[in-house]
Structure formats: structure tokens, C-alpha cells
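Next up, some structures in C-alpha cells.
Paired with subunit B in one complex and with subunit C in the other, subunit A is shared by the two complexes that follow.
Up next, the complex of A and B:
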């Protein structure tokens, strides 16, 4: 466990010392301030503008953070051969993948927490009173990031270039927001083969709509959606982490 | 005790391109034994299979056939890697970390006791003359400093077996001399050293035995007494020529 923690800390340090990390967090913070100025245009709904746009911005920048660091996380170490000096240590190979993944997700979470704190400060300044739904939104975004992180690590092992794993991960993130549309297509599919293919596709892509908390709250779809979403997020990330470990164990260096 | 033993070790690289399978021989039926406390050099031209052999011993590559044992226990057993220190041909470290941070990281992975870790790191940093630069980021290190840091990381956990790939590659004459003395000092401490090189003059000066590798096959094992009568370069060229 200590060795996994050591790899995670090293990854965290590596990501946080990367200039891209600062730039992304900095831009997100700037954007949140821009909403503060733009909120004047919202009249009575000014708080709503800062709240919605702010949450979306934090999630989007966290997504950029995890995708950009995630796709190069292992690939870069293989290409630069830094991985040799880790793999010649007396540790099982899965420690490496798990440690790298934990470090990657933690570094994105730290960036997100900084952005959320600034967002909250602006909201409080505008007279917002804390709402538990904000916390749900934060945890939902955390789950999405954990899922995307596991996909980024998986694709970085699967493909031979950062660009292709970046495209795959981004593509799945995008599709993850259209699962209900895919379900609709399954119903409308003409041939059974197409139906089966779409069904498989539906199960492979991450159902990120579980984490769109606004869709569920007040609509009465499910009262325990949060726990289902949490369970789904953890299971999906774990499955892709296990697949990454299997791939990594078979890999030669 | 036998430090490294390979039996009929074979590695064939397979690569698919446009549906066609291409095979390249890395090493073929390589059988050798390296005794504990010995300095064994693997000599060969570029592409002869030296790095492949080292990677197979370290478990970075999987053998197509054959067996490897480290200190008479069969490999791959990742726990046995605790007995091995590895120095790559060109050392790569993460440039965002400082020299000390890198060593601390490898100490943790190698299971060096936390209570003695800092003392051990200081000891090693002094040994490789990097103590004053240990808090600098690696991006600020020169090539020589990187090489010294690489030596430091291979010795951290005090392994009885050291495996060095192309040891003196890219070093200046002073660096080569330092490295030669360093290897000889390891032998004095009873360590086993297994290294690859294509520099005959260096191998000749430090090794007890030398294996000549050519096109993936181990052609001959030469002992120190053999090259005292006849130049190692001549032996090497003669051996290579017999296969052509």
C-alpha cells in the first residue's frame, strides 16, 4: 500500500509541477470572474448565471486537466524510458498503474477544489446561501473525472500516440452525454444485428448522464439516484482500471 | 553461488504489418552463468542482443523460450528484483523532480526502511559526489550529473547484483576512468557486476570473463587469462569472423 501511495505522490507532484496545470486552473478562475461581471446582464437571475456557468467551467477545465495529463501519463514514461527504473523495483506491475491513476485523479481533484473554493467565494459575495445540491454537483463532477481518468489511462496503454488516446477519450466523454439518444436509436434500429451492436455500444460508453444532477432533481425519476450514480461511477472506473492493469501486465518494454 | 543463469534463452520479436507477421531474433538459445562476485561483460556489436538480454533478465521483456534464474531462484519473481540494481544506457528521470526526490521515490519502491532512508540517500549522494546538487531539479542536471544520479539509484537498496547497460556510453575520458574505478570498487565489496558494452578496451580492463554476443547468439565465453596472452580485440574479431 505504501508503495502505491509513493507512486501516487510522485504522479501528483509531477502533474502539479507541470505548467499546463497552472495555466488551466488559472484560466478557469479567470472565466469564473468573467461570469461574475457578466451576471449583471442576468438581472434577477444573476446568481444563477454564476452558479451554472461556474460549475460547468470547473468541470470542463477539470476534464481538460485529466485528459491532457492522463493520455500522456504512462505513454510518456514508456517513450522516455523513465518507466524502466520503476519496473525494475520489487513491486507488482499493478501497483504502478493504480498509483499513477490515483495520483492523476488526485491532482485533478486538487485543481477542482481550488476552482470550487473561488467559485463559492464569488457566490457568497453575491449573497448566495449554501445549498446541498452544490455538494451533489461537486461529487458528480468528481465521479465523471474519475471515469474519464480511467478511460484516459486505458487508452494511453492501448494506443501508440497521445493524440489518438486523447481523441478516443474525448470522443467517449462526448458520447457519454448522449446515452439517452443511443437508447432511442436502439428502439428505432431496424435490424437485430444493429440493435445488438448499439446495445453493446451503450454498455461500453460511460453513462455520464447519471451525473447530470439537474436532470434528476425535482423530476421525481429516482430518489436514490445519487447512490446509484456513485456506485456506477466507482464500478465503471474500477473496470477500466482492471482492464488497464491486464493490458499493462502483458506489455513489454 | 550462481548470480545469473540463463538456459536456452530465446527472444523473438513479432511485429504485424498489413496482416503479415515479421519476426526478428533478439537472442537465440543463450545459456550462460555468472558467478557471485564476478565481473562479467557482454561484448557485441550494435544490435547483437545485449540490451535484449539485459531486459530479459530484468523482466522488462518476456522470453519466447528458456529460463532465467537470479541467485538460483527462477525468474520472473518480481520480489527477486530487490537483489538487482540496474543502470540503463541513457538514464531518464522525471525532470520535474529534484535529485533527492527521485532517490526518495526509488527508496520507497525498493523497500528501504523509512527510518534509515534519509541517511542512506545522504551516503549515496556523497559517494557519487552529488550531495550539493541534490535539491536541484533534474532539468538543471548535466549529462555527467544524470549518470551519477543513475549510479546512485542503482545502489540505493544495496543490491548484491548490478546490471549495467552500455556503461560508458557517451562519457568523457575522465568519466570513463571514474566509472572503471567504480566498477572495480564494487568487486572489492563482493558485488556481482554484469554489464554490456561495445568498447573492448574498457571490458578488457575490468572484466573477469567476457561473453561475445553476435546476431543474438552467444559465440564464446573468454576468460581474463585468455586475453593476457592474446589481445581481446583480436579474439573478438576472430570469433565474429568465424560466423561470417
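Up next, the complex of A and C:
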């Protein structure tokens, strides 16, 4: 456990020291302030505009953070051969992948927490009163990032270039929001074979709509399923993390 | 290690399957109430179709709706050239009116604005829970533009999407009374809705103008003061003008 923690801390430090990390967080914070000014355009609904744009910005920048860091996290170390420094030590390979993943996700979460705090401060300044749905939206975004992080790590081991893993991860993020449309396509599918293929596809891709709470604000949606969705996210992330470990174990150095 | 990894993978696959099945059964996508594939719900403004669909695909429906709403306000807030010419001789209606803010004159909100209904429909089809857009849009259509049927049409869409939102029924009834020239009944209902926290300032301004026209200056003054005290808005300066004007009338009595 201590070894995993050490690798996670090392990854966290590595990511936070990265210039891209600062630029992204800084840019997101600036954008949140820009929405504060732009909200004037929304008339009496200015608060809603700051709320929606802010939540989406934090999530989008966290997504960029985790994708860009995730796809190069292990690939770069393999290419530069610095990975040998870790693997020559008596550390199981799964410790390495797990530690790297935890560090990666934590670094994104730290960036997100900073952005959320600034967002909340602006909202309170505008006269917003705290709503529990905000917390649900934050937890949902955290879950999305954990899922995308595991996919990014998996694709970085699966493909040979960071560009292709970046495209795959981004593509799955996109499809994850497209699930209700895929469901619609399944209903409309003409042949049984196409229907089965679409069903399999629907099962494999992560249903990120379960974690799209920021889009459901104001809809009065019940939170009964939220706890189960949390386990859905955790199991999905862990499946891809284990698959990454299997792939990593099979890799020859 | 290998067996343990596969056992763990199997465990999380089972957990994933269980949560997947549960969520498939219990999660109801809140935007399903507006099926945009049906002709009666299609997104009404072709020009923005690509932008709107992108918002849906990326899982940012609320933001798309916010953008659509800003476009509504920009459209409705920009004076129509034709209208400007026709109202420029409105001295006979209000001798105290200052011409430098012509479009904020006694005919504020008037004009043709043929696309207003379509633009409002676009907003609420993207986010069917955007209550404010229904109310603001229908009130503008009915009281400012004298297109009662279009106002009712928008409210009917709101009633269909959110039948539990009781204020829609009151607004609809108020428009129907207006159409039937039942002034007292209409005012009674408007008095009821202006007490609500989420009542748009525009509705308050409409009622204040109705009171003024009917010679009920005290009530009008009270509403304009409320609008003025609510802070910076499109009505702020107009409310200030109205307050001093009504006070003059009351003192001169």
C-alpha cells in the first residue's frame, strides 16, 4: 500500500509541476471570470448562466487535463526508458499502474477543486444560495473524470502512439454522452444483427449521461439511482484499470 | 497473481452488469419528455440546428439552452427598424418621455418580432425545464406584441412538458382573460403571479403599466418601486422614470 502511495505521490507531483496543468487551470479560472461578465447578457437569468457555464468549464478542463496527462503518463516513461528505474525495484507491476492512475486522478481532482471553489465564490457573490444539486453535479463530474482517466491509461497501453490513444479516449467521452441517441438507434435498427451489435456497443461504452447531473439541474430528477450510478462508475473504472494491468503485465521491456 | 487479477476482473464485471441493469431500468433521462425526433418537437430554427445538435451530443443541453436564451434576449432587445420609425411620435402617449431611450419608452417590448415564438420554442425544447423562458416568452407575446395565441401556444408546451408547474396555468388563464377582455379577472391572476419569487420583472412591469393606464397609481407605484429596488436590470432606469412621474401625478392631485 505504501509503495502504491509513493508512486501516486510521485505522479501527483509530476503532474502538478507540469506547465500544461497550470495553464489549463489558470485558463479555466479566467474563463469562469469571463462568464461572470458575460452573464449580464442573460438578464434576470444571469445566475443560471454562471452556474451552467462554470460547471461545464470545470468538467471540460478537467477532461483535457486527464486526457493529456493520462495518454502520455506511461507511454512517455516507456519511450524515455525511465520506467526501468521503477521496474528494476521489487515492485509488482500492478502497483505501478494503480499508483500512476491514483496520482493522475488526484491531480485532476485538485485542479477541479480549485476551479469549483472559485466558481462557488462567484456564485455566492451573485447571491446564489447553496443547492444540494451542485454537490451532485460535482460528484458526477468527479466520477466522469475517474472513468475517462482509466480509459486514457488503458488506451495509452493499448495503442502505440499518444495521438491515437487521445483520439480513442476523446471519442469514448463523446459517445458516453450520446447513449440516449444510441438507445434510439437500437429501437430503430432494421436487422437483428445490427440491433445486437448496437446493444453490445451500448454495453461497452460508458454511459456518461448517468453522471451528467449538471445538465439535469432544475429538472427535479430523483436521486434514488445516484448511489448505484456511483458503483457503476467505480466498477467501470476498475475494469479498465485491471485491463490496463493485464496489458502492462503482458508487455515486454 | 494472474488468477487473482482475473477473479477481480470477473467480480467487477458482475458488479458492472448488475449496476448497468439496475440503471437501465430505473434511470429516466429527464430530456426524454421532449423527443426532438418527432415532428411536433423538432428544433424550430434551422439556422441554429447544427449548434443545437452539437450541444445535445456533447451533453451540454442546458448551456445550449442558455445560448439560445441569450439570442432570444438579443433579438427581442434590439429595436426593430420599422418599429422605431412608427413609435417615434409617441409624445401624445407620454409627454414626460425622454427620447434618448426611445426603445425603453411606453411601447417598450412592442413591435413585430415575428420569430420570437420560434426562438423561445428552441430554448425550451433544448431545456424543457427552463420555466423562466416559457413565462417571459408568453408574457411578451401576449401583452407586448398582442399575439395571445402564440403566448398560449408556448405555455401549452410548458404545461405538456412540466404539468406540475402550476404557474403556467395561471399565466394561461390570464392571457385567456385578456383575450376575452375580462380585465378584472386578468389583473387578479397577474397579481397572484407577481408575488412569486421567480416572476420575471417584465410581468411586474406589464402589471404596473396596466395599473397606470387604469388610473390605479398607488398600486403602479408600488410595483415600479419593487422593480427599481431589485437592482440593475433592463427596467432599472425606466422604473426610476416611472416612479418620479407617478409621484408627480399623485402630488398634483
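A few comments on the model shown:
The rule is simple: the second predicted complex is superposed on the first by the 243 of 253 C-alpha atoms of A that agree within 3 Å, B and C clash if a C-alpha of one lies under 4 Å from a C-alpha of the other, contacts with A are read in each partner's own complex, and residues count from 1 in each chain.
FYI, a contact is a pair of C-beta atoms (placed from the backbone, for glycine too) under 8 Å apart; a residue touches a chain by one contact, two chains touch by 3 or more.
If you're wondering where the values come from, they're calculated on a predicted model, not measured in any experiment.
With subunit A as the common reference, the superposed partners subunit B and subunit C fit together side by side.
Applying the stated contact rule after C-alpha superposition, one finds that A:81 touches subunit B and leaves subunit C untouched. Looking at the shared chain after the overlay, A:2 reaches subunit B, while subunit C stays out of its contact range. Between subunit B and subunit C, it is C that contacts the larger number of residues in subunit A.
Once chain A of one complex is fitted onto chain A of the other, the partner contacts of A:92 extend to both subunit B and subunit C. Using the contact criterion defined above for the overlaid structures, shared-chain residue A:14 touches subunit B, although it does not reach subunit C.
Contacts of A:204 after superposition on the shared chain: neither subunit B nor subunit C is touched.
Of the two partner chains placed by the overlay, neither subunit B nor subunit C lies in contact with A:193. Using the contact criterion defined above for the overlaid structures, shared-chain residue A:132 touches neither subunit B nor subunit C, since it reaches no partner.
With both structures placed on the common chain, the touch criterion links A:245 to subunit C but leaves subunit B unconnected. Across the superposed structures, the minimum distance from subunit B to subunit C, using CA atoms, reads 11 Å.
Residue overlap on subunit A between its contacts with subunit B in one complex and with subunit C in the other: 92.
Those residues of subunit B that touch subunit A in the complex are listed here as 55, 58-62, 78-82, 84, 86, 88, 90-94, 96-97, 101, 105-106, 108-111, 153. Chain contact summary for the complex, subunit A toward subunit B: residues 2-3, 6-7, 10, 13-14, 17-18, 80-82, 84-93, 252-253. Taken together, the subunit A residues at the contact with subunit C in this complex read 41-45, 48-49, 52-53, 56, 92, 94, 174, 176-178, 180-181, 184, 203, 207-210, 212, 214-221, 224-225, 228-229, 231-232, 235-236, 238-239, 242-243, 245-246, 249. Within the complex formed with subunit A, the residues of subunit C that make contact are 1-2, 5, 8-9, 12-13, 15-16, 19-20, 22-23, 26-32, 37, 56-63, 66, 69-70, 73-74, 127, 129-132, 200-201, 233-234.
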